[in-house]
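Please go over the structures that come below.
In what comes next, chain A is part of two complexes: it sits with chain B in the first one and with chain C in the second one.
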Partner chain A sequence: MMKNFNWSKYSKPIILVAFIVVLSILRPKAFLSLDNFSNVLWSVAVIGIMVSGSIFVFLIGGIDLSIATLCAFSAVVVVSVTHMLGDTPVAVIAGVLAALVVGALAGAIHGIIITTFKIPAFLVTFATQSIFLGLAMVFTNNKIISCTVPAFTAIGAFKILGFPLPVYFMVIIALISWYILRKTVYGRYVYAVGGNPTASEISGINVKLASIVCYVLSGLTTALGGIVLASMTQQASSGTGAGYTNDVITAAVIGGVSLLGGEGTVPGAIFGAVLMGLLNNGLNLMSVPSTHAGLVKGLVIVVAVAFDAMQHADQSRKKVKKVKKASA
Partner chain B sequence: MKKRAIALMLTAVMALSLAACGGGATTTREDTAASSGAAAGGSSAKVKVDPYAGDEVKIAYIAHDIGTPNNQGWKEGIERECASWSNIKVDSYGAEESAETQVQIMTDCINQGYNAIILQCSDGTALAPSVKQAEEAGIPVITVNLDCSSDTIHSALVMAVDYDAGRMAADKMAEQMGGSGKIAIIQGVPGLERTDNLEKGFRDTIANYSGIEIVDAQSASFQKDTAMTVMNSFLQSYPDLKGVFAINDAMAEGAALAAQSANKKGQIVIWGADGEKDALAMIESGDMAGTIYTNSWDEGSTAAKIALLMIGSEYDYTCLTATPKVIMEPIVVTKENVGTIAEEDRW
Partner chain C sequence: MKRMNQTTMRRLISIGMLLILVVLFTILAGAGKGKFFNFDNLIEVVRDASIPAIIGVGVTFIIITAGIDLSTGSMMALVGMTMANIYAYTLLPFSVMMLAGILVGLLCGLCNGIIVAKFNVPEFIGTLATMSIFRALTYIIAIRDANGVIKSQPMNHSQYTWLGTGIGKFYYVIIAMIIIVAAGQITLKYTRFGTNLYSVGASKKAATLSGIDVAKTRLIAYVITGFTVAIGAIFTTARLQSATTAIGMDFEFNPIAAAVVGGVALSGGSGDVIGTLIGALFMATLENGVRKLSINTAYQYVIKGAIIIAVVIFDATYKARMDRKAREEGAKEGLE
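What follows is the complex of A and B.
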């Protein structure tokens, strides 16, 4: 019975549980509380939201380097529009919609340029990264614009059943994105395009359109991430979301998403984000000084990812054995 | 004929140096044209000019990260100081938080023959050779808040108090906490002299209060959102936490938001240091307990004044045995006196 247990399928939850057990033993009082779990999820919510969309881009073998600055620009848009329309709840809704439109447009532009001119996504998003940063700077006159309109700050702080709204956003967006990738034809197309674009083209998939939609989804979630982040910090500036490009890509890769395309799942990417959140939380709760934190963090990630990869390698070895047996 | 040849050559030099500057793809540049006139070419010999007598002068301001309120405050201070003279031009550069980029911008500015450079020196060791090179080329360098390694003598350093700011915050916090309780510190990036001194001043002073214990110190890299996460874990680890000292205001604001979200608004004595506009508003609303305010506009304008003084003067760094300093007046701000800081002094 145990022999046939599919370890690889559960290796990620096992790592998380192991983590939680270790931290619970080391810091039972501080770690094992609803508040703390809520904090951990809250701290990874923005990354979770963003990675649920950018995973589409990663799956087709693309990359988005503009995540952090598009996040900043959409944060700036939501706050500026809210201020422009008089800080009413309606203005907040308009601001949110405007920021989402900006995100979707940015994604569409990425997709169109990349597929039409056949320029590597790396280059295009590297250039637009700078453009979005520039736009955020121009719009804000390079200042921090704060926004304490209650309807706006509620997006990041309002709590339902002990968990703040961003956590629910993350769960909902992740579920939608999981559903699209798993249950729809379009989802199969995405994996196919990432696995082999030429074969997909020949088999009648509109590769161009499929790819553009991937970038639009990524732009949308990035914008949503920006909105949530601006609301959490009650401000927006060109510096909003600094470092998030790295965090999002790291979360995806830790979660088993291949940057070469065709491989990876939404739960995997969310696992990556939560693992990083738990790790940061653990380091903070254990009072690890910042001089040592980087070292510990790196080591733990290597061990966790190696464990995960080992299980997968094991599984493919078993498969090979099975096939060999069958053909013998 | 000869004149034309020289003019052509100068134009070529200018074009080249401009191209060199444009090459830095990662740098951001903001033009604030107080004048549209062309400025001096790429000559490196020190030619004394008088900025107050109509000579064309251009000043470069090189920030570590131009997006922060402090950097914007300095930038605006410098621009305001120079705005009255149309012959003085200020160019601002942001190095996107990279010391290497700052070195590159320094080189570009030296080649372009700026008359003075105002520098937020993010890495004292990395930038020391550039500062030396500029001074040797006759370009006075005025550093703001962060200085290069002390053996590199240059025109001036304008700074906010560091060690003493920590000391003042500690004394006032201890008073607000009634002389007892647990304190946690939220740090920036370790290794920056100014913030390290700030923390040291704070720790040394808190040591005098036997009832107060510093229980933890974690870095939030000067970021507001990271500080919220760090503060959340402090609240978990130390339910009886009474005070938080953040090395800058952005992090103190983040800590205050986290406390607010945990329904502990006003129950924890949260301090920052800088005195930016949003922090002052949070002190007014009772979310934060205090900060050490420095007038960043004034600081920038002071740096600009010294730059203009050095450009127009006969003496330079060679007659100095140490870098002269101007230290800005610190103001301890709490709810009682926050109203005395006028709207036009809030940067």
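What follows is the complex of A and C.
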């Protein structure tokens, strides 16, 4: 009986329930309160927004190491532009648009450099990570700039039916991503490019354009994540979003997105975001300082990715066995 | 005339870049006492380049196997903090303290190696994870004051801090760098292990088929990096005369940048330690010059990132052109 149990099919809900049960037992009062519920939601929302776009990059076998600093830079842009234009609601809209344009441009630059010169994505985004950090520091003069304009803080704090606005952003963006990946031709292209770029090229897909669009989408959601974070904390600095690169990558990997490309779904990634949100919250409730949390998160990444790599090796071994059997 | 070897050409380009930078800063920031171009300041540049160059030796080994290590900065902090604990809480001699530091470095390298080579986790992800693990461990073992607040641990005993000085202006760290770079270059060019590194980087499949233990070769490269990081941490703490949790923050960028500027291809299989040394000198000159011109240091991050991208784009286009030429020539020879 146990042999037929499809662990990979049910592993996600089991892990999630186990997590919630453990936290409820360890910190019953703090974890099960309504206040904490919205804390978890906020944390989940930011990671969920970002991973819904970054998944496109992961699916084509790319990576984005600049998530955290692009997040900081776009947070700085939205706050600075809002201040520059006189802190009016219109200024907030202009600021948000400016930050989104910055995100899209950053993504486009990533995509163009990576595809035109065939340079590994991790290297390009590793270099631009430093550039965005520098720009964020230059724009803020290395200080924290605060922004308490009501129209701006509403982005993170306004609630509809008890849920904060970022949760709706997450749901809408996740649905859009899901739709693009599942129901459009472009979505098929993304999986094809990730599965086998050469074969995709031969079968007539414009691999270069498809890849660039992936990076633009990732840049857009990263910028939106930065806007939401800045609004929630009512401030922006070069440190905004620190640690989110790891959180987003971990969310994707836990959610079954393979960093080797071609594999993964939006619901999976959102599940990863929920788990990361719970993990962040749990570490917080167990009063693990954020400086120590990196230990747990780092271990989670290593284990999740190693597990994924082992499964892939297993699959290819099985394939070889099958072929051998067939030929025999 | 025989066409110049591609590697020699690349070496000349990186030396040229370094010279141009020196000339540029001499013009902009001036020569003479207190300015950019004078003996004292240039020695300072070499001193600043030493630690990225020492750690760059290990990182170069890794990059030659087509790998990467993003954890060197955090690893440095962990080694430094381990030594700070021994310094603060024991009466062990300094040699034992340094040996313990080296041991921790080797262990960290071993962890990276196992994760990457045995569990096949992509290098940049595995070392990105250990980057946050090592930093977190540093915070966990950090020295705290009576109120539990993390403090910087002074390590100012003269039997230790002499390492941060030198014979006059000839700093010990520079001597250590020369020895380690020479040892690294000899290992690469004249030992079987060195040849194996290049083979693994050029093609893992071909290396496996020709009987090289690919996993072991990659693992050793990571362990060697752990060793060089520990040496870097010893000299850093001796110079700072203290250990803090912030040591090596954003440092991982430097040895990689040095290797890239020095012509170590990130696709693996080419480059050498001398190239990384030139790259480290280039980056140190850049930092020093920017400081001398009193430009906002925030721009340094922008300039460094832009330079890496520019060099990598240059290498990619250059390599594509050379490959095309070689193919065309091969085709011609085939016709004849």
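By definition in this document, the second predicted complex is superposed on the first by the 242 of 328 C-alpha atoms of A that agree within 3 Å, B and C clash if a C-alpha of one lies under 4 Å from a C-alpha of the other, contacts with A are read in each partner's own complex, and residues count from 1 in each chain.
FYI, a contact is a pair of C-beta atoms (placed from the backbone, for glycine too) under 8 Å apart; a residue touches a chain by one contact, two chains touch by 3 or more.
As the structure is a computational prediction, the values presented were derived from the model and not from experiment.
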{"item": "First (chain B), second (chain C), both or neither touched by A:242", "value": "first"}
{"item": "Which of chain B and chain C A:142 touches, first, second, both or neither", "value": "both"}
{"item": "Partner chain(s) touched by A:119 [first = chain B, second = chain C, both, neither]", "value": "second"}
{"item": "First, second, both or neither for A:305, with chain B first and chain C second", "value": "second"}
{"item": "First (chain B), second (chain C), both or neither touched by A:43", "value": "first"}
{"item": "Touched partner set for A:35, first chain B, second chain C, both or neither", "value": "first"}
{"item": "Partner chain(s) touched by A:63 [first = chain B, second = chain C, both, neither]", "value": "second"}
{"item": "Contacts of A:291 with chain B and chain C, given as first, second, both or neither", "value": "both"}
{"item": "First, second, both or neither for A:134, with chain B first and chain C second", "value": "both"}
{"item": "Touching both chain C and chain B, counted on chain A across the two superposed complexes", "value": "130, 133-134, 137, 142, 243, 289, 291, 293"}
{"item": "Sites on chain C touched by chain A in the complex", "value": "68, 70, 115, 119-122, 124-126, 128-133, 135-137, 139-140, 245, 250, 253, 256, 260, 266-267, 296, 298-306, 308-309, 312-313, 316-317"}
{"item": "Residue ranges of chain A in contact with chain C within the complex", "value": "63, 65, 113, 117-120, 122-124, 126-131, 133-135, 137-138, 142, 243, 245-246, 249, 253, 259-260, 289, 291-299, 301-302, 305-306, 309-310, 313"}
{"item": "Chain A-facing residues of chain B, complex", "value": "25, 28, 30, 65-69, 72, 187, 190, 216-219, 223-225, 228-230, 232-237, 253-254, 257, 260-262, 278, 281"}
{"item": "Interfacial residue positions of chain A with respect to chain B in the complex", "value": "27, 30-31, 33, 35-36, 39, 42-43, 46, 130, 133-134, 137, 142-144, 146, 157, 159, 164, 229, 232-235, 237-239, 242-243, 280-281, 284-285, 287, 289-291, 293"}
